[in-house]
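Just below sit the structures, each encoded as structure tokens.
One chain, chain A, links the two complexes that follow: it is found with chain B in the first and with chain C in the second.
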Partner chain A sequence: MSEDIVAPLAGKIIAINIEAGQKVEEDEEIFIIEAMKMETSIYAPCDGTIKAIKVKKGDSVEEDAILGTIE
Partner chain B sequence: MRPYFEQMNTFGTEIKKGAIKRTEENVEAFLDAESQIDAEVARVKNAGFSTEKINARGEMTVWQRIDYLVDEGSWTPLHTIYNPANNEEGTTNVIDGLGKISGKWAVIIGFDNKVMAGAWLPGQSDNILRVTDLAKRLNVPLIWLVNCSGAKLPEQEKFYANRRGAGTPFFRHAELEQMGIPVLAGIYGTNPAGGGYQSISPTVLFAHKNCNIAVGGAGIVSGMAPQGGFTTEMAEVLIEKAKENRAKPPGSVKTHYDETGFFRYVFEEEKGVLDGLKDYMKDMPAYNPKFFRVAEPKEPAFAQEDILRLLPIEQKKVYEFDEILARVVDGAEHLEFRAGYGPEIYTGLCKVDGFLVACIGNRQGYLGKDYPEYADYPGIGGKLYRQGLIKMNEFVTLCGRDRVPIIWFQDTSGIDVGDIAEKAELLGLGQSLIYSIQQTDIPMMLVVLRKGSAAAHYVLGGPQANRHNAFTIGTAATEIYVMHGETAAVATYARRLVKEKESGNDLQPIVDKMNELAKSYYDKSRPIFCAKNGLVDEIVKLTDIRKYMQAFVGSAYQNPKSICPQHQMILPRIIKG
Partner chain C sequence: MEYISAMLFKTTGLFHLTFPMVIMWIIGLTLIYLAISKDYEPMLLLPIGFGIIVANLPLAGLMTPEEGLLWKFYQYGIHWEIIPPVIFLGLGALTDFGPLIANPRLIFLGAGAQGGVYVTFFAATAIMGFDLKEAATIGIIGGADGPTTIFLATKLAPQLLGTCAVAAYSYMALVPIIQPPIMRLMTTVEERKIRMTKSRKVKKLEKILFPLVSTFVIILLVPASAPLIAMFMLGNLFRESGVVERLNHASQNELLNIVTIFLGLPVGATMNAENFLQPKVIFIFVLGLLAFIFSTITGIVLAKLMNLFSKNKINPLLGAAGVSAVPMAARVVHKVGVEADKKNYLLMYAMGPNVAGVIGTVIAAGIFLSLLS
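Entry: the complex of A and B
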């Protein structure tokens, strides 16, 4: 079962710490969004494999935008 | 009220494997930063003569005296690297902190007899005033370990006189005594002039057999009226007189035990003095803790080491404040006040060692698209908005009514700014919080987890609330400044940049100045700078935050001047609804 990884806030993607196909553990930091001078980390919602990454470093994203999927 | 407090709501979650993996670097960075603080503390401990040299004279060092005096594991040092005058000795030459003696909390302070035989140094009187303020705020005994050779004469102009100068602590001692707060003094060594008043101003004097206290010491007694200079003949006379006085200094035990009776007790051994203090402390006024406890003490539900993973040392990284709080209170239990309202701020009742304590802290991260409700821009934790300020005003006021001590946790970039924020009354609400704090008359403690900045540093129980703030601790991630250095550089040079641009001049010199200012802000906001200059009272390890909370709460409930019966408290009822 795959699950979308969504942006909790609007901002700029300043780090992508994973690659498609990579195995991750729950709560591992996978993206960092910069907004309002602060860095918000996006953590893996569960143990799994990153199925897809839908943004690239430097992208501006809106709140609730899909950043990737985990399976 | 047992149903309210015995088992409160639990909060906090176990750290998961993924989080452990991603926070390894943070743990390393924190431990490295804490080791730098340790090095500064070691430098102060090793100042002056070696322990071996002092022991060879038959004396204990101040550190050994404190170690022998306090109950094991209770020493909670403060102001260890405080040195605001940047003395070459690297210390203000007094060592102080909270500690338990014979089971009771006391503020303890002693002269470092390894450094110039415990001389007065610049910055020392301000250190002592922080300590007398602490005893006054917590209403606990002040214990002195006097061993003071008097003023460091070549630098007397820096501390002898002035409003908060070296004589001020004697007035503070009198003030404490008038308030019913005992000041006990164990006295060692030679204590002339200033040292004499350090010895005589406490309430009960415990003397070592070799000590002496006097208005003037051998040096002054040997002197003569100023005659416009010195000659070798005069020097010969001085030598003879100095030898006589050295052999028989003024104010010895023979004078002040046998004749004046100033010394209540005299002890043969150094440890005997400390045993005397320990024995006296058994009789100092203190409630049995059960009088105030709302539940049996519980250990924290999570490891203190977790905090090394939960608090990012990188200032821009957001984190869950509630997870940190859950680590430092009894059993990860709390009763949150107005959850959901003013989401940038946590307010709630927790327990420390079974005592009720109010906690207030900045939450971090995005606050949702509809907050703050008065603005069309998003809110971010660390900043203060209208609801958070109103909530804190209410909570602090109710804590005052219910006589619950408050522990503040700061990591703030300031209060929301701009005309929209002005219309939302934030300026007035910030000062209202100061008013609310001032009217409570309850002790408070502050932990600056990371950032203390702008007016928010004041209103969130900062040390400026010095009738209420007993002490402030920082961490290896603490930084305190009016604003970020780069913001300050923009504020200082923005207009100048415009002017230079319009004149067609090279901008690089101004840019260089901006970078210099930003660097200066960085250097002057580091944890060691903050502790050295008194912006915090101690930098502590993350795993020791709870230990300081225990010392604060235990002291605050030892002998409070005002009581709210548990069954008459209103805050828990308001929380329950």
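Entry: the complex of A and C
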């Protein structure tokens, strides 16, 4: 069962704290997104292993964009 | 020889220096310090602070009517009401009404957070004995909108212009300090955890129609708001039309930056010692702060009232974003929300009442103008 990690708001990815294959726990900070000149953390939606990361640092993303998948 | 050097000394500013002028320098330097080291609204407080200093240098005559350089900036830029509307053109080009269009009922929060403007207006006349025009100018500080405060002060109470502008911009810079304690006091943790239902996507056509429809509706209802609303909505139409990218870009960058320089400097220069060093200035700062606090409270209370009547609950913190300090108030809402629930992303929802607050403050100013001038 894999789940998408989506951007909760539009902004620029300024940090990626995970790598593909890494195990994460629910609520672990995995991305930092900058919107309205403010940093906002994005957390893992569930326990699991990061399967893929679909964005690079510095990318601008829209709301609901898929940032990666977790299994 | 002694006679000549005495004469020479009298031609220097030093001979004419007074103690109140030195106090004004200190005030000006303090604003410059806050701008540089604390990053408090530096785009405005820096030129304002400098304006205060140079307007209080003896014999320099920068504010001498008809002759002084800064007097000319003031007269033709601010007194003629050119700069605040041009600032609004730029703000319109910068503003994304999407979050408001997606969630139109949040417009009421932008109106609700004008409560402090009226509470302060009544307090300033009834309790403090300011005349109606001065009271309105002081009340509008609670809207947390610099150009609107300047616009209204020019028309109703030019003698208070500098003071009210400095109060408005100072409190805007202090939004992250003033608002959160009130927000926590007025809401329960459970309320702060309310997650907003996902907004729908807004179509391009809606975004183009919004400034056009707003222009008709607002100016027909409150004609005195026309200079600010017309320019604000034109700027927004530049942005959303997608066909005048150069005008859009110029409005929100070069033009806005240029007029910002010519706004802050003469506003600071209106603050001469005789005008500013009066006990009533302290009252204005106190009343301005009250206006701000009341606006935050009335916005939150209105959000709670709306929740009584709707199934789809609003996070009451959004009410605090109804003051028009864009986007500081929205950021503060987001931060206070995240404290209660770290996965609650309120930022974009808060932008709705935040931009509605700008319109709300302009309308409040328009109503004062229609009734009092």
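Note that the second predicted complex is superposed on the first by the 71 of 71 C-alpha atoms of A that agree within 3 Å, B and C clash if a C-alpha of one lies under 4 Å from a C-alpha of the other, contacts with A are read in each partner's own complex, and residues count from 1 in each chain.
Here is the rule we use: a residue touches a chain if its C-beta (ideal position, glycine included) is under 8 Å from a C-beta of that chain, and two chains touch if they have at least 3 such contacts.
These figures come from a predicted structure and were not determined experimentally.
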Quick check on the superposition: with chain A as the shared anchor, is it clash or fit for chain B versus chain C?
clash
Go through the superposed model and pick first if A:I53 touches only chain B, second if only chain C, both, or neither.
neither
Of chain B and chain C, which one touches more of chain A's residues?
B
According to the stated criteria, A:P8 is in contact with first (chain B), second (chain C), both, or neither; which is it?
both
Quick one: is A:D27 in contact with chain B, with chain C, with both, or with neither? Answer first, second, both or neither.
both
Between chain B and chain C, whom does A:V61 touch in the aligned arrangement: first, second, both, or neither?
neither
Can A:S41 be said to touch chain B (first), chain C (second), both, or neither?
both
Is A:I16 touching anything from chain B or chain C once the two structures are fitted on A? First, second, both or neither.
neither
Clash with chain B: which of chain C's stretches 62-70, 98-106 or 242-250?
98-106
Check: chain A residues flagged as touching chain B and also chain C 8-10, 27, 35-38, 40-41, 43, 63
In the complex, chain A residues that touch chain B:
8-10, 24-29, 34-41, 43-44, 47, 63
Would you tell me which residues of chain A are touching chain C in their complex?
8-10, 27, 35-38, 40-41, 43, 63
Enumerate the contact residues on chain B facing chain A in the complex.
15-19, 21-22, 314, 316-318, 364-366, 369, 378, 380, 382, 413
Looking at the complex, which residues from chain C come into contact with chain A?
327, 330-331, 334-335, 338, 342-343, 345, 347-348, 351
